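What follows are several structures.
Both complexes shown next keep subunit A, but they swap its partner, so subunit B is in the first and subunit C is in the second.
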Partner chain A sequence: MVRNILCALALAGAASPLAAAPLNVRVVDASGHPVRDAVVTLYPAGAAARPARGGGRYVVAQQSLQFRPFLTVVPVGADVSFPNLDPTKHHVYSFSAAKKFELKLFAKDQSRTVHFDKAGVVALGCNIHDQMSAFIVVTDSAWTARTNAQGIASFGDAPSAPARLTVWHPYLRAPGGMIQQAVAPAQRSLSFQVRLRPPPAMAMTDY
Partner chain B sequence: MSCVVRRLRVRGAIPLGCALAALWAMPARAETGTHIFTRDAFELSGDVRLVAADGEPSWVNGGFGKLRSGSDSDLRIRPQLGNLNLVWKPQFTWSLGAVVAGSLQGGERTEGGLSQAYLIFRPMRSSKLALSGRAGLMWPPVSLEHEGADWHVKDSITPSAINSWIGEEVRPVAAEATLAASVGQHKLRVTAALMAANDTSGTLLTFRGWALHDRTTLAFNRQPLPPLDGDVAGYQASFTHPLLDVGTGFGHHPGYYAKFAWQPPAPVRFELFRYDNGADPEVVNMDLEWGWRTRFNDIGIVADLGSGAELKAQALQGRTKMGFPDNGRRWVDNRFRAGYVLLTRPFGSIRATARVEAFGTRNHGSDVDSEYDEHGWSAMLAAKRDWRHFTGLVELLHVWSDNPSREHVEEPFRQAQTQLQAEVRMHW
Partner chain C sequence: MRPFRSLSARLTVQFALLFAAAMLAVSAALSSFIAGAASREVASQLQSSGAVYDRLWQQRARELQNAAQLLARDFGFRAAVASGDQATIQSALGNAAARLRVRSAFIVSADGRVSSIDPAVSNSEAAALWGPLDDGRVTGVSVLAGRPRQLVAAPIMAPVLIGWVVFAADLDPKEMRGLERLSAIPLHAAVLAPDNGRLTQASGSMSALDQRAAALAEAHLGAPAAFEMAVGGDRSIALAKPLPSFSDREQAILLLAYPKAEAMADARKLQLALGLMTLLGLLLVALATWRAAARITQPLARLDEAAGRLASGEHVQVRVRGEDELARLATSFNEMVGKIAEREQRITQLAFNDTLTGLPNRTMFQQQLEHHIRAATGSGSLFALHCLDLDQFKVINDTLGHPAGDTLLVETGRRVQDAARGHFVARLGGDEFVVLQTVGEDRDAIDRLARDILAAITQPICIDGNEFAPSTSIGIAIAPQDGLNGGSLLRSADLALYRAKEAGRGTYAFFEESLNERAQQRRQLETDLRLALERDEFELLYQPLFDLEENRICSFEALLRWHHPTRGIVSPTEFVPVAEDTGQIVPIGAWVIREACAQAAQWPDHVRVAVNVSAVQFHRGALNESILRALADSRLAPNRLEVEITESIFLEGGEALRLLHSLRSLGVRIALDDFGTGYSSLSYLQSFPFDKLKIDRSFIQNLLTRDGAIAIVHAITELANTLGMETTAEGVEETAQLMELRAHGCSSVQGYLFAEPMSAADVERLFSEGTDALQNVA
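Right, the complex of A and B next:
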């Protein structure tokens, strides 16, 4: 999916008159360890801005009483299907401002699709299984990537223009789980040190 | 007695009857979330085990032994059926479901019956609040060691003394409501319930003391008491029905329980639980089963230590009273307490668990006094490995206790017992 976005970026960049060059962003935690699965988004100013290519189909499955994958990045306009691969039913919901919905998935291999038409972070839950949790990041910028195991997100052809860069992580200690920083046109690498809270490992269910 | 049990059978069947009525009233349409007799509505679980135990005869056979299996001091090795459970989990609508669990328990005394039967109401939550409720025969949310509708022990074979007792004597017919809320990064959960049919809770704990085992009391079944001394045997039955409403009229003196759970923005959870069965300690039935006014507080903590390691701890303190006042003291006035710490973590595909605990009772009754006091401790090591439908468990448990009432049957008041179990658990 990120590859799709980056491909879109590549195609868009080929037609752009603006100069482009690689931009690397590194995210580490308070101890200096790499932070994986942080979503890094670059918003170039003015004419350099380019929305993520819409459309595409994505999948967030319910399997073994978990959402899989835990984190999905999609462009605005994407359709995400929610197949139930468990032998039990699920009641998937989101109260997030970017997309409010609920899906009643009662049978194994049944699936429903949701259209995401607004940028933002969508937190998913299951009304039956409190331990189930996942996130969908709906992005409106062509330059969106998630950090790898080394904590690095790379944009091969980030425009050489003033820009704003955001870093979001589900457990980042900041309002909305997001921090941001201005990027100068000549700046080709950035590093963020973030504070993470421990994931909520236990669901408070009694039955 | 028989009329009391008959009355409880009739009254206790109300939740089950409601569930069945709802079942037949609902159309079997998947679109409505109805999910009644499908394959997914049933769970079957059970275990077989090889048990090696020494020490005194088990309480299951009317002795003072703390464990599910006992001996005559020599080491005895026996294959056993542990527990066989059939759970029916119908779903009438997306919000309304039920749990009906039947159990067959093997070992030194084989018995079968109804384990739990309750309705669950869980409407769609709002963004910040989630309301849910249960009504019927069920365990209150105390144990940190049990999970699932069949209420199996998660990390070991034998639960702690606290949760063994919950399985024996703390299972009312209740109507319970729970409100869960998120306040910033904090998660809060408040539960409150009114309950009945748990009037005799505390009988077994007083006359036998604490025990460690995974047998549970089934509805309408009774548990044996160890031999009582002459005075007490004159007014107390030699058995107890833990799920009993002794007073006149079902729920005439309703009790309550309440729980508060808090999960801060850290991998730790704290729980507080309060129970009061509201029983009248001066009421007795034709079989000499008394009301026992039992109250206790329980605190629990669960902490995720990272890399799959988990720490659990519970401490419980309470008091139970029975009989008439005599020079300012009731016949029985027993203060009881217990606590354990459990640590579990994976080593490759195997999960290892260690637990230590201490327990005791102090009696200040006019009839039952310090000769029934108990002090003890236990230590447990367990290893567990999961396959798809099977789980293998090995557990080594040692328990030590002193209890002067053992001298009623001319046994040494101080006893130690060791039990090694290997179990294959199955789940479909």
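Right, the complex of A and C next:
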């Protein structure tokens, strides 16, 4: 499903009247290993900017005391439903600025839908199960990609215009979990080395 | 020079020093051990206190952390933080802080914003903690608002990390004192936390450390061993433990200090006790050593003192204690003293006693005499000195032998001692004894004692089967009248003794002043005698001997006369004994022989000259040489010289016969004078062939009046004829005597009947005028 969105985004880019060329971004951790599931967003300046195509329906289920999937990238205006597939109760919440909400899903197969109308990262938690964690990245740029197992995110039709590139990862050690960098029009390849926190779930096992 | 004159002092000091050194060494080792043990004990207590503090620290940290986590996980709180609801945040923080009794609590958000309830802690200060918080630090020490504080943090997950709750517990004095009270020992605790390159201190009762002390603590940080440092001017034993710091860059320090004075107080008490015991021990050792030394040296000192007293002549004995070497030494010393005393007594006896009789000797007598004189002059009392001399002792000694003489002396000594019991008796030598008699008022006591002695001595005595009655003469001098000193008194007693002897022996005589005069006269006589030869005061007179067969003068006997310049003619009976005593008889005798020979050479050839020779002259006078010289000088035929001797020459010993024979070999004639008197023994006639016997005048004087006298003279002439000897009768004064002598065969006669002694000149005249007158008489 994510791949479909990316393909859609890529097709949208390719359809741009401006000259476009592929842009590759590579993210590695402190020890040089590729970092997957980092969300890379390109914000071309001025007229080159284009919002992500809005709408669409997404699902973040609660199954086996986990959110599934862990990371979901959605365009602004998307609706995400939160079905409870577990026999236990869940109390899904978000304190994120992009979308604050609370869903008391106390019955099996009970599902509620939340509309995300503002770009930003939404961190999901369960007030009953601390170890449950998931992220929804609500993006407002058409050029949004997530790194693959090789740590590479590719934009096939990145416009040749000055741009701002952000890299976000749930465990990235930076304020807001995000770093950003300006990209020159001619620049077709970027590489980031980031520091990651250990996953909180692991830290929580100490307790 | 030796430092100690006394053995006991030297022993005491040496042993005391030795013991002292040993005790001091032991004491020093113990003291050092005590100090070391105390130090180790303190260090160990510090370590265990440090461990306790660690646990307390962790416990406190956990308590705070639990509270922080509880707060951080509260849904409402998280909602408030996520939504930036400051009022809720502040109230929630304030509530938790009050519950925990913590003044400072604040939130550092993930993007570095700070929300605090403590205005003292600035936002920038709190924001600076973001780094360590982001590094995952949840506890540690950090300096906030200038004071070290214990920080604990808990992340706020919503569900991603949106910030941290931080509690900052103040490490104020109260807190630190609370920590200090938990320790088993009264130690001082402080936390030193780095703040801008210097250490900030939080402490309870510990005084503020200067930078040097802080640096020292830092240098010993984490060291397992305690160290010493100055805390507020006092030495302390300290331990520096690392405390987790909230920042990685610098280390906080927990400093535990134990003031050394307190730490070592018990050890000091022990050391003091040890010191006192050492001192006491030293005193005891000195005392014991001194006593032990005294036990050894006291007997030595006693022996030393006893030896000194022994040296000064005292008879000492030391007390013997025990059976050790010193006791044996004391015993030996006592034995030595006894033997010395014995030897001294023996020496004294030898020095002051006569070995034969056991009586005091001359030396002791002289001491006693001086003692008596001093006593007499002091008190005015009298004492008498009796001098004894055995009569005829010489004869007894010669005839019975010396052992018999000795027996007589011993017996005499015993008798004198018995008779003079209570008085001092001594033997002066030979047969001389003395008695010192102390006299009171009763002067007759002196006579009584003298008589008692005489009576005792005259008791018959039996020696070697021969019984005889000894007798003695006693001369008595009375002090102080008869002599002012020992010498003069003894001389007086001797003079008295001579008088007693003269008085007929077996009697006693007192000294009188006249005796002294006589003695002086005698000494004058001796002096004059020595000069008489030089002054030519001697003259020879010649008395003719008439040969009854030939009816003519056959010989002259030379008789000595002394013409004394003041006293006139002195009788030979007076001066000859003196000359014999002094030895003057020898030169005088030689002169007589020379003079006689010279005269005789002038006479007709048939006339001989007879010369008397004294026993003294005979034995001491080199008589042979005198005669030879006289014969040679006068050219007189030896057979014209007749030497007249008396039997007394035989008393002097066996030399006499040899001398007589040698004279005879010269051709000189030998006549035995005074035959028939004295100790005449016919054995002499047998042992030597005399040329002539001269019959003593006593027989001639009584020839006509006494019965048997003629028979004796007849027997003598018969005997002489038979032995081929001539006979001469002396002292013939009457014709009737001459008739009898002629009738009984006497060879020649001599006496006033014919002629008195005459001078040499008269002899010359006689020969020139003829001898008819004498022949007529015959």
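Criterion: the second predicted complex is superposed on the first by the 186 of 207 C-alpha atoms of A that agree within 3 Å, B and C clash if a C-alpha of one lies under 4 Å from a C-alpha of the other, contacts with A are read in each partner's own complex, and residues count from 1 in each chain.
Operating definition for what follows: a residue touches a chain if its C-beta (ideal position, glycine included) is under 8 Å from a C-beta of that chain, and two chains touch if they have at least 3 such contacts.
Owing to the predicted nature of the structure, the values given are computational and were not obtained by experimental measurement.
In the three-chain model built by superposing on subunit A, subunit B clashes with subunit C. By the document's definition of touching, of the two partners only subunit B reaches A:107; subunit C does not.
Residue contacts after overlaying the shared chain place A:133 against subunit C, while subunit B stays out of touching range. With both structures placed on the common chain, the touch criterion links A:95 to subunit B and to subunit C. Looking at the shared chain after the overlay, A:87 reaches subunit B, while subunit C stays out of its contact range. Contact with subunit C, but none with subunit B, is seen for A:176 once the two complexes are overlaid on the shared chain. When the shared chain is aligned, subunit B comes close enough to touch A:199, but subunit C does not. Using the contact criterion defined above for the overlaid structures, shared-chain residue A:123 touches subunit C, although it does not reach subunit B.
By the touch criterion defined above, A:27 lies against neither subunit B nor subunit C after alignment on the C-alpha atoms of chain A.
With chain A used to align the two structures, subunit B clashes with subunit C at 61-69, while the other stretches in 7-15, 43-51 or 61-69 stay clear.
Residue overlap on subunit A between the subunit B contacts of one complex and the subunit C contacts of the other covers 93, 95, 127, 130, 197, 200, 204, 207.
Subunit B contributes residues 30-31, 33, 35, 39-40, 91, 94, 99, 120, 122, 124-127, 130, 134, 138, 141, 149, 178, 180, 185, 187, 189, 191, 259, 261, 263, 265-267, 269, 302, 304 to its touches with subunit A in the complex. Residues 87-89, 91, 93, 95, 102, 104, 106-107, 127-128, 130, 197-202, 204, 206-207 of subunit A are the ones touching subunit B in the complex.
Those residues of subunit C lying in contact with subunit A across their complex are 69, 73, 75, 78-79, 81-83, 110-112, 134, 155, 157-162. Residues 93, 95-96, 100, 123-127, 130, 132-133, 135, 170, 173, 175-177, 197, 200, 203-204, 207 of subunit A touch subunit C in their complex.
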